[in-house]
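So, here's a batch of structures to check.
Two complexes follow with subunit A in common, the first pairing it with subunit B and the second with subunit C.
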Partner chain A sequence: MIPTIKNSKWLPLCDVPVLDPSSWRQVIVQNVREGDRIAALFGCTHNASVPVRLYALLARDGQGTLSVLCTDVEKDYPSLTPECPQAHWFEREIFEQWNIIPQGHQWLKPIRFHAPYASSTKTSPPIGEADFFQLLGNEIHEVAVGPVHAGVIEPGHFRFQCHGEDVYHLEISLGYQHRAIEHSLIGGPNKRTLPYMETLAGDTTVGHTTAYCQLVESLAGCTVSSPLLRLRAIALECERLANHIGDLGALAGDVGFLPTASFCGRIRGDFLNLTAELCGSRLGRGFIRPGGVAFELDTSAFHGICERLTSVSHDARSAIDLLWNTASVVARFENTGTLSQAAARDLGLVGLAARASGVKIDVRKDFPCGAYADEPFPVQWGEKGDVYSRAYLRWLEILQSIHFIIDKQERFVPNAVQTQIGNLQPSSLAVSLVEGWRGEICHVGLTDDQGKFAHYKIIDPSFHNWFGLAMAMRNQLISDFPLCNKSFNLSYCGHDL
Partner chain B sequence: MIKSLWTRLKQHHRTIAFPKQEPRLPEKFRGLPSIVQSRCPKHCSECVTSCPTDAITMKDKQPHWDLGRCLFCPECSRACPHGAVLFTDDYRMATRTRDNLVIGPKEYGLAQPLEDQRRKLFGKSFKLRVVSAGGCNGCEVETNVLETIVFDIGRFGIGVVASPRHADGLIITGPVTHNMKSALEKTYRAVPDPKVVIAVGACAISGGPYIDSPVANNGVGNLLSVDLYIPGCPPHPLTILDGLLRLLGRRYSTSRR
Partner chain C sequence: MISLSFAVTFVSSLAVAPLYLSIINKTKAFFAGRQGPPLLQPYIDIWKLLNKGAVYSKTTTSILFVSPVIGLGCLIIATAFLPVGRTPSIFAFDGDFIVLAYLFALMRFFFIIAALDTGSSFEGMGASREAYFATLTEVAFILGLAAMAKKTGTLCLSGMLTQISGEMWKQSGGILALTASSLFIVLLSECARIPIDDPNTHLELTMIHEVMVLDHSGPDFALIHYLSCLKFWIIGSVLVRMVLPATVHSAWLDQAMVFAAVAGIAVAVGLIESSMARLKLNTVPQLLVGASTLSALALLLGLR
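Let's turn to the complex of A and B:
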């Protein structure tokens, strides 16, 4: 019997069944066939008697549960990827971190270019030097871009295999932002832990810090009062607002539609400034803390925020209406970078990108936690999975987030106090899911017998979704890459950790 | 077309009057830290132990504050039992040297302009290439907004260019991860001389939250010679803009109003 766990709950490590590698594999393949998603798949060595233990957490979205199972491996195990493509990136990570070979995986290349954790002798391959996929033929040419890009963005390397303007394949090679955060978290929590969480992905500070806080609160048996949970949810929705409107502006810019591009640049700043009203930082730094939030908010300040939000939302509506009413913009968005629902499911995409392809998953609905558990959250989705679907869904989610925040006015209770959290449950496993603006953020914490982190696993939504971008680029014009890329807007640092 | 124009009218003029007018910052904004000497009992070190990056040290019974390491998190002010640690709303914090980032008994040394040769060259047209060398994308977010209509750095002749060969200098963010070191060095070499190097954010200055990481450098200072340090995690866009204007000799005042 495989145990299941709910969002932001823990279970003793001894309750997790250790299967032999082949039945472990079989359970995962079978469950994924029945509709589960791989939320986490990782190796760790918290137990000195086994070389590497592989954990799998399978999310069953309809039921709001995660199955947890593990297996011990020494050098290799039969790969999941041939039957379960969504394991592809996870298995490359396991190979890179632990030097464990998933036998039968056809694309075992590093994803972050660092030396393996397990052996001290093996060094990392030089960054960006890998056996890149190549298309051969007289008229085929390869375009290499990055790591340093032409805009103010993070580093990453892209290789396009092109025939004329058509892209046959895009390979994405990351790792330039690798800071070894997961490794540094071992032995925590300590005073560095929160800054690490806040800088996993700077544009998702609230999302990742909330995921961490939910996790340690569950392990400490700490209950956070509902006014504080509502404040966290408000900050999370503010983060979504700022990023979504910024992306819509950038998409407009990528098709050369400058009015909406410049309006949205400003409106995004207005949303960031609302977050700064909550905590002093435009990115939500210093706000979410274990046991609650670091800053109080009184009723008049919250009403002030809601008033500003209402006024900004009018500006947002006029800026975005212009986008949908401009035929040349819509024509560029439609049927560009299409990702089918089947591909999105197979690759295990999460969040906005998955929903735009018609996969109706949302942590706020499927694994509700905190303020989202108060009432059912209506999930929204698109149909076609093209740039238009991803753009339009952003707008729908903006409207929903504005409504969510303003709706909290009536029940707003000020002067809530942060609870102190105690020691963490020893020898346990806890999982925490948050629907960040990109999608599902998954944190898994394993504690040792002292209640310190023996292993801490972070899965940013970008980890699932980068391969989705590569697939969406197939048979597209290379000049549409900026547009497709922006429509996903994935995180480099959230992936590289 | 008419709809576009109508929307344009409705969106109004949004560029801030900075630097002619001082900006309005959020009430909880954490700018230049300050210690209320009368409240600080000098023998406790709660602020020192609470700091995640060891930015605060006690010297001669006086807390010294290294803004190059400071993440501007609220931990020290929350930890101080005497209410002696405050964050003021002063957003101006850029300096020309690493040492000037330390707040102690001396007056805080805000950035002075470039020397004559570079100032003449770059004073009216200053084009920068941004290299993100690790970090969390937060500094990039706050650098990027300088190009929006709110800050509109184009009006000062400052801009971001796509190629290092077209640039007068580099803005560097992030602690310089080992995986970005060679790309950063190549980009630096591609910028024609004379050039300017600007370190934006705690990571680029000291390593920030990643100080002493096994896979990253402690900032850019020991790799390249830095002309301007802009502290913060991330710095407010106005902190960056103020620093750039001071570097170009277009802003001198030390008093706020």
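Let's turn to the complex of A and C:
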């Protein structure tokens, strides 16, 4: 029997069943066939007697349960990817980190180009130098973009196989931002842990910090008072608002539609300033803390925030409505970069990109935690999975977030008590899921017998979704790549860690 | 007297051409709620670039260096074919409108081979887009001018442009309107403006004209900046003389009116850029073929 836990709960490591590799594989394949999603799949060595233990965390969205199972492997194991494509990126990660070969994986190459964790060589392969999928033919040409880009964005390499203007295949090579964060977290929590969490992906500070706090709070067995949980949720929604409006502006800019692009730049600043009202940082740094939040908010300040939110939302509406009412913009957005629901499901996409393709998953609804557990959260979704769906869904989520924050006005209680965080439960495993603005943020923490982190696994939504972008680009015009890329707007450093 | 007014107009056209870019940018800034760059910004940019050194990649040959200079030569000659006020240019001859089209083509040819010379995949892509779209734009341009030649009964650009009057608009406004609409699309395409190209984008995968000149720097790049301004002036003033038949019978005032009216076209371009998105790359040919159709229709109506 596979044990299941809820979001932000822990279980003793000895309760996690250790299966043999083939039955471990069979259980995962079977559960995924029944509708589970692989939320995490990683290796670690916290026990000296086993070379590498592979953990799988399966999320059953409808029921809000997470099942954990593991297996011990030495050199190789039968790959999950052929029957379960969503495992492909995880298995490449396991191969890179532990030198364990998933036998039968069709495209095994590094994803971050760092030296293996457990190996005698300890040398990292030259970054970006690997075989790329190639198309052959007289009129085929290859376009390489990056890692240095023309705009002020993060580094990543894109390799297109094109026939004229049409893209047949895109391969994305990342790893340029790798900072070995997961490795640095081992032995924590310590003074450095929180700053690491806040800078995992600079645009998802609140999301990742909330995920971390939920995790340590569950391991420490502390309950955070509900007014503080509401403040956390408000900060998370403010982060979503600022990023979504910024993305809509950038999408308008990419098709050369100036009015919305210009207005959204300013409106994004207004939303960021709301976060600054909460904690003094526009990016939400220094706000979420284990046991509560670092700054309290009095009632009049919160009413002020709500008033400003209402007036900014009027500006946002007039700027964004222009997008849907301009035929030339809609023509560019529609039927561009379409990702089918089946592909989104098979690839295990999460968050906004998955919902735009009609996969109705949302951590706020499926694994409610904190303020989201107060009442059922209505999930929004799109249908076609094209750029238009992803853009329009952003707008729906903006409206929803504004409503969510303003709705909190009635039950607002100031000056709640912060909880002190105690020692973490030793030899345990805890899971924390948060719906960041990109999608599901998953943190898994394993503690040693001292209650310190033996292993800490972070899965940014970008980790699941980068391959979705590659699939969406098939049979598209290469000149539409920036538009498709922006419609996903994935994180490089969140992936590279 | 004629040669004096020609010389003054010729020199002042070359001097004010970058100002129109400023007018477009100011219009866009106004609609975006911004102040926009100062009016003299294009001049400042060109001056700044002229004072910089140029960087040449080792893979390039003298083609890269020569192409902007040839382009400048082409456009200066083209400017000389434009009439002054209502007086024909002193360089006018029968068939010079064909030369005008070929001067544009010659400049483009050198830009394209300079882009291919760099061996960059982006520039190759840009060159192929430029060649494809230019082929379609040229048809619209030449057919449009042919329609004008038929209507005015002269084969000389100066002749065509100085004969259009209010009377002609009354008699055959349809032909003139069709040609003018077609030429406006030609202007947008040739000057790499929205909806065909986006002059502001920094995304090399989506660029057409801009991506071809990525390897040019310093004085070469200054020339390219200047050339795109001059091209706007040339096509803009041809278009203006078609839609603005009024004349005050003074060469100076007529010419001043043309300068002012091209500014109106710059505002129109700015308005378009503030109100619509760029076309998807594979629908651009449809717009350009549409422009050719308008020109062809004008020609057919004229043959009737």
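Here is the rule we use: the second predicted complex is superposed on the first by the 495 of 497 C-alpha atoms of A that agree within 3 Å, B and C clash if a C-alpha of one lies under 4 Å from a C-alpha of the other, contacts with A are read in each partner's own complex, and residues count from 1 in each chain.
The criterion applied here is as follows: a residue touches a chain if its C-beta (ideal position, glycine included) is under 8 Å from a C-beta of that chain, and two chains touch if they have at least 3 such contacts.
Treat the numbers as computed from the prediction; the structure is a model and nothing was measured.
In the three-chain model built by superposing on subunit A, subunit B and subunit C fit together without any clash. In the superposed model, A:H141 makes contact with subunit C only, not with subunit B.
Looking at the shared chain after the overlay, A:I478 reaches subunit C, while subunit B stays out of its contact range. By the touch criterion defined above, A:A150 reaches both subunit B and subunit C. Touch criterion met: A:Y492 reaches subunit B, while subunit C stays clear of it. In the superposition on chain A, A:V255 makes contact with subunit C only, while subunit B stays out of contact range. In the overlay built on the shared chain, the residue A:Y212 is in contact with neither subunit B nor subunit C. Of the two partner chains, both subunit B and subunit C are touched by A:F263. After overlaying the two complexes on the shared chain, residue contacts for A:S328 are found with subunit C alone; subunit B is out of touch. In the superposition on chain A, A:F467 makes contact with neither subunit B nor subunit C. When the two complexes are laid on top of each other via chain A, the two nearest Cα atoms from subunit B and subunit C are 5 angstrom apart. On subunit A, the surface touched by subunit B in one complex and the surface touched by subunit C in the other have residues 150-151, 259, 262-263, 326 in common.
Residues 28, 31-34, 121-122, 124-125, 129, 194-195, 198, 200-206, 273-283 of subunit C are the ones that touch subunit A when the two sit in their complex. Contact residues of subunit B toward subunit A in the complex are 3-4, 7-8, 10-11, 14, 26-30, 50-53, 71-75, 78, 87, 130-145, 147-150, 160, 162-164, 174-175, 177, 179-180, 182-183, 187, 208-210, 213-216, 233-234, 236. Every residue of subunit A that touches subunit B in the complex is listed here, in rising order: 112-114, 127, 147-148, 150-155, 175-180, 183-184, 191-192, 194-196, 198-203, 205, 259, 262-263, 265-266, 268-269, 272-273, 276-283, 285-286, 294-295, 301, 315, 318-319, 321-322, 325-326, 491-493.
Residues 141-145, 150-151, 165, 252, 254-259, 261-263, 326, 328-329, 331-332, 336, 477-482 of subunit A touch subunit C in their complex.
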